Amino acid sequence: MQMNMVQAINLALREEMARDDRVVLLGEDVGKDGGVFRISEGLQDAFGPQRVIDTPLSESALVGAAIGMAAYGLVPVAEIQFMGFIYAAMDQIFSHAARLRSRSRGRYSCPLVVRTPYGAGIKAPELHEESTEALFCQMPGIKVVAPSGPYLAKGLLLSAIRDPDPVIFLEPTRLYRMIREEVPEGEYAVPLGKARIAREGGAVTVIAWGSMLERAMKAAEGYDAEVIDLLTLSPFDAETVLDSVKKSGRAVIVQEAPLTCGLGAELAATIAQEAILHLRGPVLRVAAPDVTVPLAKLVDHYLPSVERIRAALDEILKY
Amino acid sequence: MRRANPRPPVDSRLSRAKLVSMAEYIIDSMTVKRIEVLDPRGNADEALLPPFPDEEIRRIYELLVLARAFDERALTLQREGRIGTYPSILGQEAAQVGSALAIGKEDRVFPSFREMGAQIALGYPIPLLFRYWAGDERGMRSPDDLDVFPICVSVGTHLPHAAGAALAAQLRGDRCAVVAYFGDGATSKGDFHEAFNMAGVFGLPVVFICQNNQWAISVPVERQTAAKTLARKAWAYGFEGVQVDGNDVFAVCRATGAALEKARGGGGPTFIECLTYRLADHTTADDASRYRPDAEVEEWRNRDPLLRLRLFMERKGLWSDADENEAWERARGTIDEAVREAESAPPPEPGEMFDFACANLSPRQQRQREELEVRQVRQV
Amino acid sequence: MRRANPRPPVDSRLSRAKLVSMAEYIIDSMTVKRIEVLDPRGNADEALLPPFPDEEIRRIYELLVLARAFDERALTLQREGRIGTYPSILGQEAAQVGSALAIGKEDRVFPSFREMGAQIALGYPIPLLFRYWAGDERGMRSPDDLDVFPICVSVGTHLPHAAGAALAAQLRGDRCAVVAYFGDGATSKGDFHEAFNMAGVFGLPVVFICQNNQWAISVPVERQTAAKTLARKAWAYGFEGVQVDGNDVFAVCRATGAALEKARGGGGPTFIECLTYRLADHTTADDASRYRPDAEVEEWRNRDPLLRLRLFMERKGLWSDADENEAWERARGTIDEAVREAESAPPPEPGEMFDFACANLSPRQQRQREELEVRQVRQV
Amino acid sequence: MQMNMVQAINLALREEMARDDRVVLLGEDVGKDGGVFRISEGLQDAFGPQRVIDTPLSESALVGAAIGMAAYGLVPVAEIQFMGFIYAAMDQIFSHAARLRSRSRGRYSCPLVVRTPYGAGIKAPELHEESTEALFCQMPGIKVVAPSGPYLAKGLLLSAIRDPDPVIFLEPTRLYRMIREEVPEGEYAVPLGKARIAREGGAVTVIAWGSMLERAMKAAEGYDAEVIDLLTLSPFDAETVLDSVKKSGRAVIVQEAPLTCGLGAELAATIAQEAILHLRGPVLRVAAPDVTVPLAKLVDHYLPSVERIRAALDEILKY
């Protein structure tokens, strides 16, 4: 069926909940309201308020309770309404979700998914347009996933829910309803930890993820560029990245977040450590500037544009 | 034996039955008061009548009208795509205007995102409010003679700032008080707790005002907390919580005034729960009919805060239909003017996103700004 | 006029004076009970006497002795450099052992870091405790037949887990309850609030047990909160809080038993404040004489939880000096054995730091592990 | 006077408090107890409980209140007792301290210092040995500083306190009492944003900060290695780093934190973007593995050792 990413994620949740009654949803307004983006539309009706739980407005306890639930036989999928509100749950995610298996030496584990809409471009108020995936990518014990379209969103979410460890699942709001494509019903899992060659090419490797994939693909038109869709941001698929860069000798990383200490830095550093002898020129990063994401009037100037990516391609191809 | 340790000797099932015989006595007790002046039909016991001069009462009403006219227009502008997502204050005008009127120039105010009625009553320039909601952060720069913090979108996270501002006042001996506004949903946040606790421990000059509009998006207050009142939460921190009829502008104003006076005089914090109702959708992006019954909304429409003050004034002979029409006309005129001013402001330059990133840009930020500006020029 | 908006009409100074005339009535009230059985001299009103068989009372006392012997030894081992920084439980044995004894095998326990008395009473292997405090995380793996979460060092952050475990039990219909332990300092954390609130909203089967030892490192409980009792905080979340004499093992055990029974029966959460005292330094890295008066400590020494039970038993003819000596000898023997076992365990291999990093190591982690092991071999 | 880092920081606080009565300290146990590391020893006696404030055990409100104080004319220096407890304050630091100037368009600012002991090697319980500086380095609006010795600690803390924006000041616990050196009384500021050449050399550039500087210096003995002490981690001094790397053609980054997405990644990425044509070999990172820092028994195997740094030097010098 043709569907957008909201519908694909909804379908993934529905199927997983039907398949495995340990899967429960919790979050603010996920129940009767179906979530502010309608991700969980109809799920409370289908599975009851015991499995689709509206919580009080408490991001820390919401994630913290999900940790306790995960330790005791459930597979919670917690929603943080916008990524800008996940910071209150950082302590729970980092001090606890990431470490429960290790602290208890395997006695307890934390098969938890924290889903959250992320990214800029929807012209919403402050803290509604964050893309701080790198905060989580530096936490050992946490996986981070960001789909770039409906089909992948469903498959990755299935994998995330089935993963025995905590996964942060980042949904690019800008793409929620932008892309419609065929999304099959039933099982298919897109594995975690594997990147995808979104477009083959030989002269330059472009690495992108989440909402930037769409722009990277547009920018690549007319270039002999290979585009890698990272999909899992942590642990990221270094092999696919390095193989491509070794072949092309040129790398451009496209990152929605501010430049400094974003995930792009780790990708560039990995390339600089492990593929440097194959490089023809610098590893270029196209990223937002090092400022807080501005409100609607300026956000288009903040986000990496197709033009900026093209400019980077033109530059690197000079080498 | 459980493992190497001596076996837990007590059969818990045994002990459970015999509690009655324990010595129990009461060591602590608390009560919560409710304060009201005007009833929904605009009646007030003569003995309780507020002593405002007639002219002031009319001006209070006009401010309520202005707040509502602002809200009306904001909703229209949103539908026309001229501002972004907007949270209506419909039904909460008395709780916002009434409390704000008690706030002095010297006081410090920390609003949440649904406090436009309070901002307007405080004298915050209405064009700036429109600009903010249109996505221009310059709208959040409070005029120099007004101490109103930027709108806080992250629910409840501004409460520690209010505590800190009050602590600063206390340490520096500034004779002022601090007011923080927030919703019923915010009472579930850790920051609410930590800030309230700190206010209690240090006896801070702060007044916490909860707009209990009974909904946090789709979550009714009964699912937000099992506490019978929100006001009682203050007792957990050793200070008083009171509930006020939040649709009664007189009660709100005077409860706030009393709490502020207490705060300024070193009497410590107060928590005021204004029990009111969100008559509109959560925001323009919401559809409240998905989760709440129309009957409940209708019931609260009857307790409209403007209506009751108007009925009161009419009964006292202070207000006529002509006054009403004029008040609305004046308010809409003010709003028209504000919209014009807001929309005629030149849009921000892209480089302005760097303007207040920090006091001094790093070399990298500097370069990023230059690159942005060069791109800009190229595109023009 | 303040800016373009109609001038705030009310002179706040005017309104402040006239509050007396408002309608005020009480809409909410709460009380806190205190529960006690044994007094500090070991007396108990005959009518209130707990119905434990004599043999059980002796065994309770022996567990208190064991907990204290553990503590004694841990302090010695720390001085000898055989374990790391250690937080003494001296003075809190009754609150810990008494509550733990009421906990069933089916229940789930979430300890803080100063709960070794509870862990011992629950049957947690003592050698594992020594290993943990010696810096070996393998000591935190609870035996499979015991549901005790790892010690939580980050104050208060485990309370949401307890709420979640209780929610899981509620959703799955597991007939068990959850117990979370924490200190007075933890009551100031946002996570305390959010977890308590969630427990109230969902009516969760959880018993929150605060060891109010009256100090959080150097901060006395009066500077931790302005609330008269900690117990009253529960009312902010719509459930009962009680205060128990935390040095009275009978009172603690039976208050806990009652709360657990209520929880298992669907009666929702309870908060038990055990009022006790930290007789030792905060940890072996602390020097409490810097911040608290000896006289206070002395006063609490007189309320020693072991002493009062011993006096009670002596008066009842259940206990002699010989029993006392034997009990200590047995306890110390158990501890000797546990230390031997702990110290004879082989140290962890360096590669073990990867063992539970996640279910499946990433290729990068795999390589890091291999590199670490190669370095290891080279150094050997 | 000869002093260790604890004494130097104490002296810096004392002098700043005497100079400027807007400077106030707050935190858990900073008052009567003088802080668990004795950093604020004697300061409450000297300046009174109004200026050295023991707070309740509330990391979020402690930082949040400091933000309110900073906005209203004070210069708060907040202590987080150990870095592992700062995660509860991430929301306040990132959503508010970092953004107050920007959100209010300059009407309010946040001259706040958050000090915290950080780093491993003191054999303390979980969460007492974290080094997650990169979390903060990715926050526009936040400065991050990490001194490597007593003299620098005092000078940098003076600069941090005088800085008009929020600064996270990371104090390497392992060095607190390890190094004693001459620390003058009175004013001298070590500027923020400037790295220091701790040792000159030509064949390879070693970049380190905080507690790793000491190991990097030991490792460099006998090599023609230039050692850069970063000092300010954000914004870091790219110029000094790039100049040195362009000269030496070789870079080794030493980072205490787990490898992935640490600050070393940004340094390597910056080098790979801006100095790649000068490089003779890969940019090497010596870092902890991607696991939670283990407890006492294994922590020595976790921390980058002098031997590992030497091995990296030997490797890079093959190019």
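Every chain is named by a letter (A, B, C and D) in the order it is written, and numbering of its residues begins at 1.
We adopt the following convention: a residue touches a chain if its C-beta (ideal position, glycine included) is under 8 Å from a C-beta of that chain, and two chains touch if they have at least 3 such contacts.
Just so it is clear, the model here is predicted, and its values are computed rather than measured.
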Would you pick out the chains that touch subunit B and also touch subunit C? A, D
Any idea how many Å lie between the Cα centroids of subunit A and subunit D? 30
Round to the nearest whole Å and give the separation of the Cα centres of subunit B and subunit D. 39
Expressed in whole Å, how far the mean CA point of subunit C lies from that of subunit D is 34
Where subunit D touches two or more other chains simultaneously, the residues are 56, 58, 60-61, 84, 88, 91, 95, 102-103, 126-127, 140-141, 235, 260, 290-292
For subunit B, jot down the residues that touch at least 2 other chains. 137, 154, 157, 188-191, 194, 197, 201, 223-225, 357, 362, 364-365
Specify the contact topology among the chains shown, as one of line, ring, star, complete or other. complete
In the complex, subunit C touches subunit D at residues 84-85, 113, 134-137, 153-157, 185-186, 188-191, 216-219, 223-225, 285-286, 290-291, 347-348, 350, 352-354, 357, 362, 364-365, 368-369, 372, 375-376
Within the complex, subunit A is touched by subunit D residues 60, 84, 87-88, 90-91, 94-95, 98-99, 102-103, 126-127, 132, 134-135, 137-138, 140-141, 234-235, 257-258, 260-269, 271-274, 276-277, 279, 281-285, 290-292
Per the touch rule above, subunit D residues touching subunit B in the complex are 24, 50-51, 53, 55-56, 58, 60-74, 76, 88, 91-92, 95-96, 100-109, 140-141, 143, 163-165, 193, 235, 238-239
Per the touch rule above, subunit C residues touching subunit A in the complex are 108, 137-138, 140-142, 144, 149-150, 154, 157-169, 171-172, 174, 190-191, 194-195, 197-198, 201, 355-360, 362-365
Of all residues in subunit C, which touch subunit B in the complex? 2-12, 14-16, 18-19, 21-37, 45, 47-52, 55-56, 59-60, 62-63, 66, 100-104, 120-127, 143, 146, 188-194, 197, 200-201, 203, 223-229, 231-233, 235-239, 243, 251, 253-255, 257-258, 260-261, 334, 337-338
